[in-house]
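Consider the two complexes below, in which subunit A is the common component and subunit B and subunit C are the respective partners.
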Partner chain A sequence: MKIYALAMSSVAVIALASGLAVIPAAAAKMDVTVGMQLEPPNLDPTGGAAAAIDEVVYANVFEGLTRFGPDGAVLPDLAQSWEISEDGLVYIFKLQSGVTFHDGSTFDAEDVKFSLDRARADESTNAQKALFAGIASVDVVDPMTVKVTLSKPNGSFLFNMAWGDAIMVAPETAADNATNPVGTGPFRFSEWVKGDHVDLVRNPNYWGAAVSLDKVTFKFISDPTAAFAAMMAGDLDAYPNFPAPENLTQFEADPRFQVLIGSTEGETILAMNNKKPPLDNIKVREAISHAIDRQAIIDGAMFGYGTPIGTHFAPHNPAYVDLTAQSAFDPDKSRALLADAGVKDLTLSLKLPPPSYARRGGEIIAAQLRDIGITTEITNVEWAQWLSDVFKAKNFDLTVISHTEPLDINIYARDDYYFQYADPDFKAIMAELDNSTDPARRTELLQAAQKKIADDYVNVYLFELAKAGVADAKLKGLWLNSPTQATDMTGVHWEE
Partner chain B sequence: MSAHARRTGIVSAAVHHPAFMAGIVLSSIFVVAALLSFVWTPQDPLRLDIPGKLRTPSLAHWFGTDHFGRDMFSMIMVGARVSMAVAFVAVGIGMLAGVPLGLYAASRRGSLVDEFIMRGNDLIFAFPSLLLAIMITAVFGPGAVNAIIAIGIFNIPVFARLSRGAALSLWTRDYVLAARVAGKGRLRISAEHILPNIVNLLIVQGTIQFSLAILAEAALAYVGLGAQPPLPSWGRMLADAQTLISLAPHMALFPGLAIVVTVLGLNLLGDGLRDLHDPRSRRTRP
Partner chain C sequence: MTAYLLGRFVSLALSLVAASLVIFLVLEIVPGDPASFMMGINADPQAIAALRSQLGLDEPIHLRYLGWVAGLLHGDFGMSYTYRVPVADLIAERVVISLPLTLYALALSTIIAFPAGIIAAARRNSATDVAVMGATQIGVAIPNFWFAMLLVLVFSINLRIFSAGGFPGWEAGFLPAMKALTLPAVALALPQASILARVMRSSLLDTLHEDFMRSARAKGLTRSQALWRHALRNALIPVLTIVGLQFSFLLAGGIIIENVFYLPGLGRLVFQGITQRDLIVVRSVVIVLVFAVIAVTFLVDVAYAIADPRLRRHGR
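And now, the complex of A and B:
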């Protein structure tokens, strides 16, 4: 009996000792749980416009010929290098060798041709078909070389190829990417529990630098209060786009967390229906522009996180012109302009989608407009209703919305876009921009475009949305800024 | 017993009914705040003061300020007005539609019309009331008016059932029989003999429904389907406070208290009224 007990305890000691030896290795955490506000409708970036798709799979599961770096620069990805012909019409891409898709098939020039032809085909469901509009033909030179011919020079072609909508897919698996994404990235898709999370696991056969994480879980928590609680409880390691700016001060005060404040491509605007009287009168639009105190909105709705903008352009872009003074807060001028326009007792509808920048910002805007004698009828709408009522049916006077696509000033040239501007002079600037490849001329044109929409007071340009991310203090390598909709986990690692 | 003696009996019973008195006091706070807000609030409840946001209660702001720097006390006063208006009109709709339906059904007891009316009421009654309200506001859009209609509709079966049940027992009374013998029609008997005898019941039920309507309005406003901004509303004040609760607990505390106090007050008032009108329960009290 005694011997038996002794044997048992020595077994226990050995087990304990070996256990102790294992613990330090196991303590190095190899997985990350990332919180997201919205669940993606599918996981195929070539088949949907939702930002949440790219936030899960961009750079993690799928890669394109080029990609965005953390600072927004266009970097080589599956295309190792490229040559551009003198006339700017022919791009010859040299591909990375030894790249395989997650299903084991090799990535080569045929896949590039398939992906690009699929995206620009007439029956394509790509949400950003305009990115591919200039492509005349895609030819396979040899398995590692692709020649893309454009119908006219396009200075932003390499930029376009870096979008999530331009990722490379395999012909065998493209049809199922919505539910079972198969790409070439450092992580492969593992599991999607609808309404809860998506799991990605390390791709052992990745062609590039190996990632340091074994597993990434994207968890969908839309309620800001629940997200706050989950971060505080340690259920989440990071929440790259934290939905409640009011909680950030608490995270900043807590040494367990780091708060990452960066810039995004989100121009938040008070959009006006430019064809609907009396908003078709530039004086009325100018009056509304001068009635808005941007800083009050940033402080009141975003708790100080945000940069005022005076035109539809990201302030961190080198071509940005600061035009905030042109529509500075001046309620007296607003009242004078309204009187000049002969508008009295104006009542406008203001439709607000769910995010707090819109709901809270909208209430502040309503109060500021009330000061100059404009009554607003606020309607809080859900996203589906916003898309059908405002975006499609254009049944609105005012709405608050953030445009998060990079370099999207060209939306002002679109016919029949929801705020209904499409000024011919502006369209001419955009047309010239599309055709020029000279960087200096492009900057000039971009600045002319910014000035044009500021002069016409198309919308009230409020502020650039800040990217407010929260993460465990020991988690390194997360993107500070948001040059595109992505949660790039390739460089993320736990500090020892 | 003379009328005078009977009245003093009720008054003294009321004074000695502590729950009823508490109900009166709490409900009057609510009614006074709502009525007073038409002429006076400490500050303009719509004026934003962003630099002065999230202030804790002080002499200048008795209940503190919200995330836009608005004065919470003034907002709660105006919110009481909104709650009262919604609840009053909603219960009014319920009574005006429900009581005649119930009386008519009782006068035609057992007929096809009776069945039709009461099964229709069962249909509305069987539907979860808040879900019905959400459906109505989803179809017709959010707003105070649609919230009133939604809450009013689910008040109809409550009053229809109550008045039918009470009227049925009255239809067997001798004085009703006498009226019928005298040749009075069903509608006239309902109006002249039945209705005056069930008014007490209706008032008691109305008080209870009033508090339920205030709760329903707060719930609808909380999910964004009630009165739309900038009009203050208790439910929306709570919703606004939700993400700020660890930063500014007073933003949730005061609207929450306002709802609790008002609903509790109206419920106590309703219970007390029922006790006072019911001679049996009055007699058992010391």
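And now, the complex of A and C:
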């Protein structure tokens, strides 16, 4: 009887509250609410590495000289066209005319000079400062023309300028972009309720093709169960990087939704500490590589979403070489290699950061290594701890991590990078790549680099992270793939 | 009474000083550098160093502690490393959700628990009593996050009466805001109400056996008159203690429910601050919560004195 009373009272409370709900008038929908797992710490892509920053503002609020298209191609953006000198050192950019910042000020060559000089200055806190390292000078030719001189030819320069870290900012507003971003894009920043959402609204003075949405809301829902509930309840229209692959089949079965499976730039690897014995022995690294069954990890940890890779390169890139056979799953070979190397009773530490690819994948890797006689000690670490312990102090044997920057094979040329691969031949390939502008030669070099790190078994290359998104079936124009971390809303519209 | 309150007040201040020192030191020991966290794994070491000095992380530890405490004393909590806005603003934005949610849940819990506990005690061993005890046993056993998910499943996904979470902000109006807080408040209130009802019942049963109750009945009061006039007031002290504890628990401990309903409350602010190593936010929120808990304990002490005149006379 009391249970009944209790139930009745809660029903009464709920009925009371729901009776007061405002029912919205039916009208053509002009806004979109997008779910994101992490909240951006701030909204300035030139002052931090968090992917969530670009996922809100890239292409929506801020634009650069060039930009990435949905397929990863580098397209003109605020630079309408460019000329490159014969020696590859001088770039003359012709700017779009009639471009204004959201505060009303005009965008011109002075702003380009300011943005690039700010990013490469000594006191710059740009996380991707290396993108600007080759710039020797930036000169204003006339208000619509900028001349960028490089210290040496750089075949990736236009690619580098498309990154979110290279967007154009205005001198008057740059310092406040973290909390009040002012760019040139088709959407203006409207409000940010910390911990809940960011609102962007249409920029009526946009220089380019007008967007069809009046408003975009990015809502931050980190818990996978809550994200599922929010999609199901209709609170969200899209969730471009859905955190729970196990729920995707449920969305696929529901005609209200569409599931978007695409590729990303995230090479997920089992990184090895190349300087720490016995991992400094290539035979041990090769043995570990052959012990790993990639498909089992993709099926077990990612519910089948992901593409196996055999080197640190995105499979959808035209220059990709499929080297998976070179480190094919072969536990007998692994045992033979270990015996050959004279390694017995090996125990290795395996440090796992929070994402599910690492935590779930790590368990499977541990089981596969146990099968060839390697014991792993798994430690789950927070991101900050991973950065200080693994990345900085290099206090690890193995770790699982996804490298999500586009075309980032050059990290293998870095001295003192966390997996500690220092190879002069590889560095020579990268140095030549930097200096080449000929596309055919660049492809050759990129392929040589891919083979080199596969031959040296630097890391175990597991799979390319898939982009698994969920959206309302009537929402069109979302990116399928993720060539850079962005949620480009410029082409998004509701189907009539 | 004054001496009693003064004593309570001094212990409040000492607790705060001790807490500030412990919080600061613990967060210094935690591994992880806020600047390298913000810049990620592809960052230029020079840029990380520039950011460290911009954030003031290169100053010696004792100066940073003193700077923090000095700021706290005149209400300046410092600037968040990651959000780049004053911590005080962040806390203020979150308190307007966490505090109403806590009060809402506490009100629901009290409204359910008091009548249930009183009726069960008054009709001890009756069917009603057994039913209340059974229901509250279930209420205590059910984890609130699981109950929250059930609520979402029923009222958001199937019935579509409530949204699955989020908070529209108070500027959207009082009723939409309260509506957004309803499911979380119900989820938080159920286990608390169960505990409170059980405490209410047993406390009331204890007093019903006191001599003064027999005297009250002997002078001609009916059972229920005696209960309302004499037993209830005497039974309130342990109940108040529990209410005070529940307030602190709900204010700081709503984090799981905040995650289930993605409410931007204080609990989630602390959680985000910890994962992003935004240590200045973490220590400031924690000290605010410590202050809230201590202040509530103080208020409960005052409430004791009101409920029980003996405390007023003797001091304690």
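Assume the second predicted complex is superposed on the first by the 470 of 496 C-alpha atoms of A that agree within 3 Å, B and C clash if a C-alpha of one lies under 4 Å from a C-alpha of the other, contacts with A are read in each partner's own complex, and residues count from 1 in each chain.
The criterion applied here is as follows: a contact is a pair of C-beta atoms (placed from the backbone, for glycine too) under 8 Å apart; a residue touches a chain by one contact, two chains touch by 3 or more.
The structure displayed is predicted, hence computed values, not measured ones.
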{"item": "Touched partner set for A:S124, first subunit B, second subunit C, both or neither", "value": "second"}
{"item": "Which of subunit B and subunit C A:S85 touches, first, second, both or neither", "value": "neither"}
{"item": "Comparing the two partners subunit B and subunit C, which touches a greater set of residues in subunit A", "value": "C"}
{"item": "Partner chain(s) touched by A:P41 [first = subunit B, second = subunit C, both, neither]", "value": "second"}
{"item": "Touching partner for A:S97 - first (subunit B), second (subunit C), both, neither", "value": "neither"}
{"item": "Which of subunit B and subunit C A:T225 touches, first, second, both or neither", "value": "both"}
{"item": "Partner chain(s) touched by A:A384 [first = subunit B, second = subunit C, both, neither]", "value": "second"}
{"item": "Residues of subunit A at both interfaces, subunit B in one complex, subunit C in the other", "value": "225"}
{"item": "Subunit A-facing residues of subunit C, complex", "value": "31-34, 36-44, 46-47, 50-51, 54, 82-85, 90, 93-94, 108, 111-112, 116, 119-120, 127-128, 131-132, 134-135, 149, 152-153, 155-157, 160-167, 169, 175-176, 178-179, 182, 186, 259-265, 268-269, 272, 274-278"}
{"item": "Subunit C-facing residues of subunit A, complex", "value": "1-3, 6, 9-10, 13-14, 17-18, 20-22, 39, 41-42, 48-50, 122-130, 178-179, 193-197, 219-223, 225-226, 229-230, 232-235, 382-385, 387-389, 391-392, 401, 403, 405, 408, 411, 418"}
{"item": "For the subunit A and subunit B complex, residues of the former touching the latter", "value": "224-225, 228, 244, 246-247, 249-250, 296, 299-300, 356, 360, 362-364, 366-367, 370, 377-380"}
{"item": "Touch list for subunit B against partner subunit A, complex", "value": "46-48, 50-51, 53, 67-69, 141-142, 224, 228-230, 242-247"}
